[in-house]
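Each of the next two complexes has chain A plus one other chain: chain B in the first, chain C in the second.
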Partner chain A sequence: MKRLLHIALALTLIFAFTALPAAAKTKIQVASWWSFESGSSLDALKNAFEAQNPEIEVEFVQIPSSEYYTKVLTMVAGGTPPDVAMLGMDKLGTWVPRGALQDLRPYMEKYSVNLDAFFPAVVDAIEIDGGIYAFPRDATTSVVAYNKKLFDEAGVPYPQPGWTREEFLETARALVQKDGSQTKVYGYAFDTFSDGFIDWLYLNGASVINPDGTGSGLHLPNAVEVLEFLQGMVVEGIAPAPALTSTFSNASGAFLSQRTAMYVTTVGWANSFANAEDLEWDVVPLPLWDEDSEPSTRLWVNYWTMPKGAKNADAAFQFLTFLISEEGQRIVGETRMGIPAIEELAYGPAFAGLEGKPEHKVYFLDVMEHAKPFPLFVQSDQFYAAMTREFDTMWSGERSVEEAVKALDQATKSLF
Partner chain B sequence: MNKQRTAPGQKWGRLWAYVILILVAGGMVLPFLWTVSTALKTSGNALVYPPQWIPNPATLRNFATAWHRVPFGRFLLNSFYTTVAVVILQLVTCSLSAYAFARMKFPGRDQLFLLYLGTLMIPGQVVIIPNFILMRYLGWLNTYTAMILPSAFSAFGTFLLRQFFLTVPYELEEAARIDGCSRFGLYWRIILPLAKPALASLAIFTFRSQWNAFLWPLIVVNDTSKMPVQVGLSFFRGMYSVEWEVMLAGTLIALIPTLVVFALGQRFFTQGIALSGFGGR
Partner chain C sequence: MKRRRRRETWEAWAFLLPNLIGFLAFTVFAVLFSLWISVHKWDLFSTPAYVGLRNFFQLIQADRDFRRVLLNTLYFVVGIVPLGTAVSLLLALICNRTLKGMTLFRTIMYLPSVSSTIAVGIVWIWLLDPQFGVLNYLLRSLGWANPPNWLGSVTWAKPSLILMHIWQYAGYYMVIFLAGLQSIPGQLYEAAELDGASKWQQFWKITLPLLSPTMFFVVVMKMIGVFNIFEQPFIMTNGGPSGSTETIVYYIYSNAFQWFNMGYASAVAWVLFIMVFALTLIQFKYQGRWVHYE
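== the complex of A and B ==
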């Protein structure tokens, strides 16, 4: 009996030791809107990071992009925020003041992380109210995409860097193709949400909000000049009216289906054009507003952030650090959704050196030194909603620009 | 036999009625036809202007793309599982509560029923975050339970069945009671068999709304392997653009089970609308 007891005890000990769990891994939840198609790059990020940090496990929460913010905000409000979340630039201005994001500066000091290798413009775009609330996933500037075939058909020479708005307008006018009263091809197409015309505002030294950030900036003379220029193109029939643009889903759709010869594009849209086999196209920097004005472009950054209340903040920060390392930025760069934030890498194999259209990708990088961040302000959601409402009939010329900007200024006064 | 002649005015009236009905029916069918047409188009042709009704070239590739790009089979299975579970649970819970509200007498019954009915007035969006927090406390986030249980009870279903139960003659129940039938027996042997049309229409209503549920599953489920098909479909929709041809091909695939259920239960479905006066809910 005693012997049996000894055997049982020994067996129990053996089982106890063999059944001892391996040191539990810290699991971090990472929310992203990237779809399954680009899932392979998420996998690559996970694998590379976990190989370097075997004690941490990355779990992606893939959320459909159209519903991304609804879901992430519910997770934050419900007390179960993801440890790391992808974020579009426009949301930084509203999420930071509302206290939804963790300031990363203390962690940067703790783990001696610096941002020296980044494009200076990108570093500017992640600082807000003296804190750093986001790391860059990638960035994008804007350039003009043009359809070479439509240029050839119209006998118009391809545009060159350093061209002016006047030349742009003449070019766009010459590219219009008509079939009786129907326009077959437009010279230029733009979207009427802020993304669609902010580059033009920047080119003329204007912005959607005034320089102090205390109200709308669209009633200021430079902005009015830009809006009248764009409205003029619609009225003249060079650019499609917004109602028509929406039948293509948006202006990029008009470019994709070869119904417009030019379109101001970001890297992400350029990627969707690159997949269209029958589209012959290239890019050129935005025209100068006037011969003596400064070049400019809008800078858009996509972020990786740490929502407040993240359970595994240190592990999350380690992952964030990996995401801005050369390896992390290279993997993301290969998705062609944006420019890696590390300058050397962008001019190297992770962007400029990538094969495929457009031929002059490097223009996206060359304009970086003049790039100005997309405006961030806490009232942006309501402001843009009011802008869409007030400008609706303005674009097609039914309402004057003066009247529309005044109405917008009135409608948004109480927001600031 | 002398056939009654229709007055000319009546004839015109009928003609107009048909014209209007055909136009309305056309308006209803057009989006569906457009869905079929777009699902068969190639990527460049989905958005051409003027719109193309007959796809040229036509392709079935979008169906394959939709099926393979995301785990579509898994999505369908998840939808099927959660939907069937919710339908069964709702039939049980709604019929029990409807029986109590219709056939049992207890103090405050009608007030309680009105209160329960009042919950129909609260927009779903309002209770999303409280429900989400509740799921968190219960540890049900990211589980099938979170998709099924909160939908297992329905004020609408209770209302629908109660209205039907009220029409069942009391004599039947009384006769059964005299023969020694228990309270549960009355519910199970007398009321339920008579309420088959109402139960069938509730099942169809519930199937349709649960199959199409989007926001709640989106919020509570994180794993793609647990997502239902409606959430899965939204993966084809970007933040600023949509791959219409793939999205609509996926939509057509996702539509099949609803069409099958509707075809099988069409008779009950129309009865259900007549019963509840809740057409289109």
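== the complex of A and C ==
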């Protein structure tokens, strides 16, 4: 009896081990904050990739955006990372120095992958310290979105490329509509978090950190000029105070509910405006700071990355390569959440040629040649927390710009 | 007999084990680990580097942010503990009467404390909204043309959170007071009434002294709770405006999970623990002066 049992057990084991390899596919886990129900773009990516690579199975892990970074970073630190993770641009600056992401260059050499077809600005935005730690999901520049109906009501002509900050201010001023003491429509609305006003800094040759990356850059004269310009609009009542903006959840909400006539938009927000049927709007490049200034815009890239310790690195890289292929980029481009990173595709059917508003989507692409990447630095999370704190009362004019930028410089000195 | 006892001991251990393992792994280990990590610099990825007591010196001597969050937290403690205790006591006194509909009233008062702070917080964000909020609507209809922007103003954000916190936990402590009130023997009041004591005198001479052990419990628990206040500012103000509602626990959270300064966050947590522990000890030491056990 006992012998029989042993034989049965041995047979079971032999069967189990010989049967396994034939059935097993390499499964890769892909973390993102997008939903992946059937019909979604993630689902389309999975189907298209698996059709080309039947030996690999893609499994999506959806993590709510509010806890996404903490969760993924904890997974990486705990040694159970996803094989591929979606990442917002700002995090590259803090994750790479911590060693949370893998350099993709060795894999690119191994599998002969190059980035020649990409917008040069996008390639700049994925290189850090000589390594490539991310592939682009999609990119976005910023342009000014304007509400045509509100322009018509105020009898103001639509803005044209090449306009200046002075013209922007006059236009915004003329668009304000008041009902007694209450403002019905603002000329312009902006957010006060890091990327809500960085385009303006770039237009005047400033940035949030100084040119050497050794401290805050917001107390430098060009930045102060920009902050005073924005504060001036709030104080004059052309733009809503930040606390009021939060009533619309953010400045894009004010544009969506037609409470502001202009808003500096990215492709992602433009997509939500495009879905609002009663909104008549278009876009125009950002104004020049002065007549003789260079044009500029902020470039934001969303990434696909391979975290440190990814279990199936080669299969993960296969998937990453697919994501930046024409097919992968086309699928993501159709979500209208960003510009495909492949230049030809962007000017073609996957972005500029898409149906629907805004009429001049091509401006998002035309400004790409002047685009400067969003600044990446390891102290950014703590720096922006301090910035929010020191600037909160500055925007509404309760605190002077000079005082706020000086306080920020002091408060963040120890970080650099 | 001996065998049976040994078996019972084994059974007892077997039943205790799941809980014990959880307690050892998730409490004892976590607490000791945080103590160890508080004397290190660690960002989750690199190997922890021993820094001695530098984290503690830094936060006590040089960290202006810690001073700010400490003062904010003390503001909440001073604002919430006495007022919140008084409100709960008042509610308990009201609920202690046998009136029609009292059960319903008690239930309504208790509901907020069993609701999720996130849900309650979002409701309060709407109530306090400067433009569309019910509160400002009422104030405007009463003739206040420009009522405050409650959660968006440095002056009003803290009082707003205090109001919300008191409202949220009033029912919970009311129930504790109610239990205390109902354990006071009725004949004491009868005797006092015969001696001609007014209701007011009865409250001061009988209710309050006999309720003092309950009051002590409430004050201690509330103080510990408020020192740990986190969800309300996290949900409702993100610690703003200008960091005016950022509390110690919020600071621990930011350091640990946003900036990945694990060692520093643990040091802050231990300083918080020592402060709360010391204050609780002081309360226990001086309770003899005002707490009367029968």
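The rule is simple: the second predicted complex is superposed on the first by the 390 of 416 C-alpha atoms of A that agree within 3 Å, B and C clash if a C-alpha of one lies under 4 Å from a C-alpha of the other, contacts with A are read in each partner's own complex, and residues count from 1 in each chain.
Definition applied: contacts are C-beta pairs under 8 Å (C-beta built on N, C-alpha and C of every residue); 3 or more make two chains touch, one makes a residue touch a chain.
Predicted model only: the values in this text are computed from it and were never measured.
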May I ask you to decide whether A:Thr214 touches chain B, chain C, both, or neither, giving the answer as first, second, both or neither? neither
May I ask you to decide whether A:Thr80 touches chain B, chain C, both, or neither, giving the answer as first, second, both or neither? first
Touch check for A:Ala276: first (chain B), second (chain C), both, or neither? first
Superposition-derived comparison: chain B or chain C, residues of chain A touched: B
Partner chain in contact with A:Asn47 - chain B first, chain C second, else both or neither: neither
Name the contact category of A:Thr247: first (chain B only), second (chain C only), both, or neither. both
According to the stated criteria, A:Thr388 is in contact with first (chain B), second (chain C), both, or neither; which is it? second
With the two structures laid over each other on chain A, which partner does A:Leu256 touch: chain B (first), chain C (second), both, or neither? first
Find the residues of chain A that appear in the contact set with chain B and again in the contact set with chain C. 70, 74, 77, 244, 247
Contact residues on chain C for chain A in the complex? 43-46, 64-65, 129-132, 149, 152-154, 239-243, 246, 254, 257-260
Considering only the defined contacts, which chain B positions touch chain A in the complex? 43-44, 47-49, 69-71, 128-129, 132-133, 136, 141, 215, 218-219, 222, 224, 231, 234-235, 237-242, 244
Interface residues, chain A side, partner chain C - complex: 70, 73-74, 76-77, 98-100, 242-244, 246-247, 308, 381-382, 385, 388-390, 392-393, 411
Complex interface listing, chain A residues touching chain B: 29, 33, 35-37, 61-68, 70-71, 74, 77-80, 88, 195, 244, 247-250, 252-253, 256-257, 259, 272, 276, 278
